[in-house]
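I'd like to ask some things about the structure below.
Order of writing sets the chain letters: A, B, C, D, E and F. Residues in each chain are counted from 1.
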Amino acid sequence: MVKKSSSQLSHLDAEGRIRMVDVGAKAVTARTAEASGFVMMSPATVRAIREHRTPKGDPLEAARLAGIMAAKRTPELIPLCHSLALSHADVQIELRDDGARITATASTSAQTGVEMEALTAVSVAALTLYDMCKAIDREMTITKIRLERKSGGRSGEWRRSGNKKKG
Amino acid sequence: MVKKSSSQLSHLDAEGRIRMVDVGAKAVTARTAEASGFVMMSPATVRAIREHRTPKGDPLEAARLAGIMAAKRTPELIPLCHSLALSHADVQIELRDDGARITATASTSAQTGVEMEALTAVSVAALTLYDMCKAIDREMTITKIRLERKSGGRSGEWRRSGNKKKG
Amino acid sequence: MVKKSSSQLSHLDAEGRIRMVDVGAKAVTARTAEASGFVMMSPATVRAIREHRTPKGDPLEAARLAGIMAAKRTPELIPLCHSLALSHADVQIELRDDGARITATASTSAQTGVEMEALTAVSVAALTLYDMCKAIDREMTITKIRLERKSGGRSGEWRRSGNKKKG
Amino acid sequence: MVKKSSSQLSHLDAEGRIRMVDVGAKAVTARTAEASGFVMMSPATVRAIREHRTPKGDPLEAARLAGIMAAKRTPELIPLCHSLALSHADVQIELRDDGARITATASTSAQTGVEMEALTAVSVAALTLYDMCKAIDREMTITKIRLERKSGGRSGEWRRSGNKKKG
Amino acid sequence: MVKKSSSQLSHLDAEGRIRMVDVGAKAVTARTAEASGFVMMSPATVRAIREHRTPKGDPLEAARLAGIMAAKRTPELIPLCHSLALSHADVQIELRDDGARITATASTSAQTGVEMEALTAVSVAALTLYDMCKAIDREMTITKIRLERKSGGRSGEWRRSGNKKKG
Amino acid sequence: MVKKSSSQLSHLDAEGRIRMVDVGAKAVTARTAEASGFVMMSPATVRAIREHRTPKGDPLEAARLAGIMAAKRTPELIPLCHSLALSHADVQIELRDDGARITATASTSAQTGVEMEALTAVSVAALTLYDMCKAIDREMTITKIRLERKSGGRSGEWRRSGNKKKG
């Protein structure tokens, strides 16, 4: 599972100080990332969401919008993450009987990847779902937030191992 | 698991439109919340973090700081969350052989609770750990983000059911 | 229409320098404000919005959410506006044949009023509507953004003159 | 006035969910936009501003600065607006006997236009004028916020119809 | 000069981890702080500023406004600083033959002091002066940023030693 | 010390109004800047920091992280500063017997330089050190914040005069 030598964490310099990676010498390429997560809910909570999905809006749309907005602000939240201009960010939420599955994608043309943007979008969408349903269910659990795939940059296409079955 | 009638999600008005809860009539009381989460890592990643924990700093401290800072910005991220002044926010991270357990607490004296602040602190600390280790392990998974307990406000003390064994 | 002596604009000090009003000696009271605005649209644009109002969400909900979020960030945008914790913010949008009427309310318990929060919510909701429809109608015009009423504080209840007929 | 088929609002996907436009395939070109607006004021308010315009600063400069700063933060406010780096933003304010006319321009070299940046600059400049004069005139109305022209991108030069007479 | 036992830095917990001070048990009192700083400039730069101080605005007003706005955002910048609502923030700038002296005051009614708000206002005002004059003088130096006095809270009134002569 | 004719401050237009520089016609080049500053501390404060520098983190790392994060947010703080994507930001802090010397570097590939990003990183790192030590030493002074060198852009390489001896 470890993709490079573990002798070097790229955010630490020779003396172990926290540092931002210098991407100045990296190529500007089209980069995308996809991440996912799941908010476990009681069946009653899922039903409550379903019953209130009206033409005027619903918690899923608020969560999607919050996730997209958070993707844009990722570098403010994650200390060593580079600022970049996303060409696209999207959050999809699928309501299942035991909760909500969230998938986010982010794309850019830049010197660094957008994994953190996709993961942040999933996380904030999940937190928003929690916020909007917590009055009826405080026990919801946000789980399985993970990178599904990425493309672009030096390492090219990457997919989570076992993605065929888990995806 | 559902604590109130599921006939009413408090963020939706009579016609189903998304709405912020009006807390103007709630009492100002001391409120605290504790949340937790876990970042699953490969043993090699955990070892890599351990080997680089030097006097000059380490990924765990960056994640803790990012979580505390995010707690303060929760209302910017979560659309219907109220702004409030935290009297305290803390993030603790315990490195285990299979990953990092994150616990966050938030406190305030306000008309509304701080569950979202604690959950946001956990989430952003987890994302920061991911960011700082992703160069060696893209398969890390952020999991089990959940509220552990809250106190203050009308509903008083609340603890996750089964907290004794799972905590 | 001018409510005090025009000899003194409260944001300018004796030498005319821009200054924030010191509200330290004002009473903490419950304060509310209501503002409104209108986005003029072509009939075809209004119809396009109406046809796409699906159970999964629509531009009006995005605009409402953006307005509520902007209300919370008013002091970051308006240089001399005080930070405060809103107990409530709401944005309503009514689609008419010639556009969309936006109404926003904001409430707090603080030493200063929330007129700017209500006006900012209306403005950002209107901008969001523009953004979401501009691909089909660049000629939309945002108009009539104004304070409708306010309550609380030293000046008590205030209503726009002629509010009965224009409201 | 509707420039494309109204059968498709570009922010909605096939199922009507809110979405960000993917600009990844668009060309990076120089793009500019100009927007305008008007703050209607009582003659007494206009006179008050004129009398206090001192060498140390005045409300108009605060409003101009607030507008420029807001232009840079547009993607934080407008949910589906792309982040981009402005090469220029400017706000001009002309005081007239019945209020203040605001004009803003924004420029970039990017894959998407800057209409929202220009409109946001106008709106926040207008709100700042309101904030700085509201102590003497709560009835001011912000009106006629609209796009005047844009250039760059696939659609090339665009000017508001009737711009010659209204401009 | 050290006011308490140096055996305990209040931001570090028993194991030396960074932590936010818990102010939940502190009294809400009126608190103020005053800070100052100086931007050393060449005489030619000072003259250039003086010559351009026109009725339409000048670098000093932009710096003052930027300082006031930054004071409100202090908790976003300083990781362990508490969020609070300022009742007042002010920045004064006095142009001298060898540069610009900046003084900032901040006030609140809260459980914690506003020293950082005053110091941040001075710092950002100084940076803004630098930005606005750097095209003609890159050698400007920002210096002597320090707390002058504070009041309120448990420690009561404090003044910098030697404040009588240096102030 | 003045590098251009002082007859023209580039942020002021013909009538003296504050304005952003239009960088649309400038070349995109690799640009770097280095800035430095010093926080004067009592020897007891320096010793206190040294004694608490544990494997779990210390004030210097918090200050470094805060500086890096602030560099990314420079355009939000400095009104006329352009938004850009940093390819790198770094803050180094060297503890000396009389305080802490801070050095920051920033890099980008853009149409405008990153002096303000480097200076902002130094300033916020210094403020964070102040915040984290102020409980034991309120008399610390932040001093000598200045640009050390810059490269890239039309003016090419620039170094502070006397950099050999003062550096």
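Quick note on the criterion: a residue touches a chain if its C-beta (ideal position, glycine included) is under 8 Å from a C-beta of that chain, and two chains touch if they have at least 3 such contacts.
The shown structure was predicted, so the numbers you read here are calculated from the model rather than taken from an experiment.
Peer 1: Going by the touch criterion stated earlier, list every chain that contacts chain D and also contacts chain E.
Peer 2: Intersection of chain D and chain E contact lists gives C, F.
Peer 1: For copies chain B and chain C, work out whether under half or over half of the interface numbers are shared, and give different or same accordingly.
Peer 2: different
Peer 1: Indicate the whole-number Å distance between the mean C-alpha point of chain A and the mean C-alpha point of chain D.
Peer 2: 32
Peer 1: For chain A and chain E, what's the span in angstrom between their mean Cα positions?
Peer 2: The computed centroid separation for chain A versus chain E comes out at 37 Å.
Peer 1: Mark out which residues of chain E touch at least two other chains, giving numbers and ranges.
Peer 2: Only 17-18, 21, 53-58, 61-62, 64-65, 69, 73, 76, 79-80, 84-85 qualify.
Peer 1: Draw the chains as dots and join the ones that touch; what shape do you get: line, ring, star, complete or other?
Peer 2: The chain contacts form none of line, ring, star or complete graph.
Peer 1: Just spell out which pairs of chains touch, all of them.
Peer 2: A-B, A-C, A-D, A-F, B-C, B-E, B-F, C-D, C-E, D-E, D-F, E-F
Peer 1: Which residues of chain C touch chain A once you look at their complex with the stated criterion?
Peer 2: Interface residues on the chain C side: 53-58, 60-62, 64-65, 69.
Peer 1: Which of the residues in chain E come into contact with chain C in the complex?
Peer 2: Within the complex, chain E touches chain C at residues 30, 61, 64-65, 68-69, 72-73, 84-90, 92, 107, 109.
Peer 1: With touch defined as at the start, can you tell me which chain D residues reach chain C in the complex?
Peer 2: Against chain C, chain D makes touches at 1-7, 9-12, 15-18, 21, 37, 42, 44-45, 47-49, 52-59, 61-62, 65-66, 69-70, 73, 76-81, 115-116, 119-120, 123-124, 126-128, 130-147, 150, 158, 160-161.
Peer 1: Quick one: in the complex, what on chain F touches chain D?
Peer 2: Within the complex, chain F touches chain D at residues 17-24, 75-76, 79-80, 82-85, 110-111.
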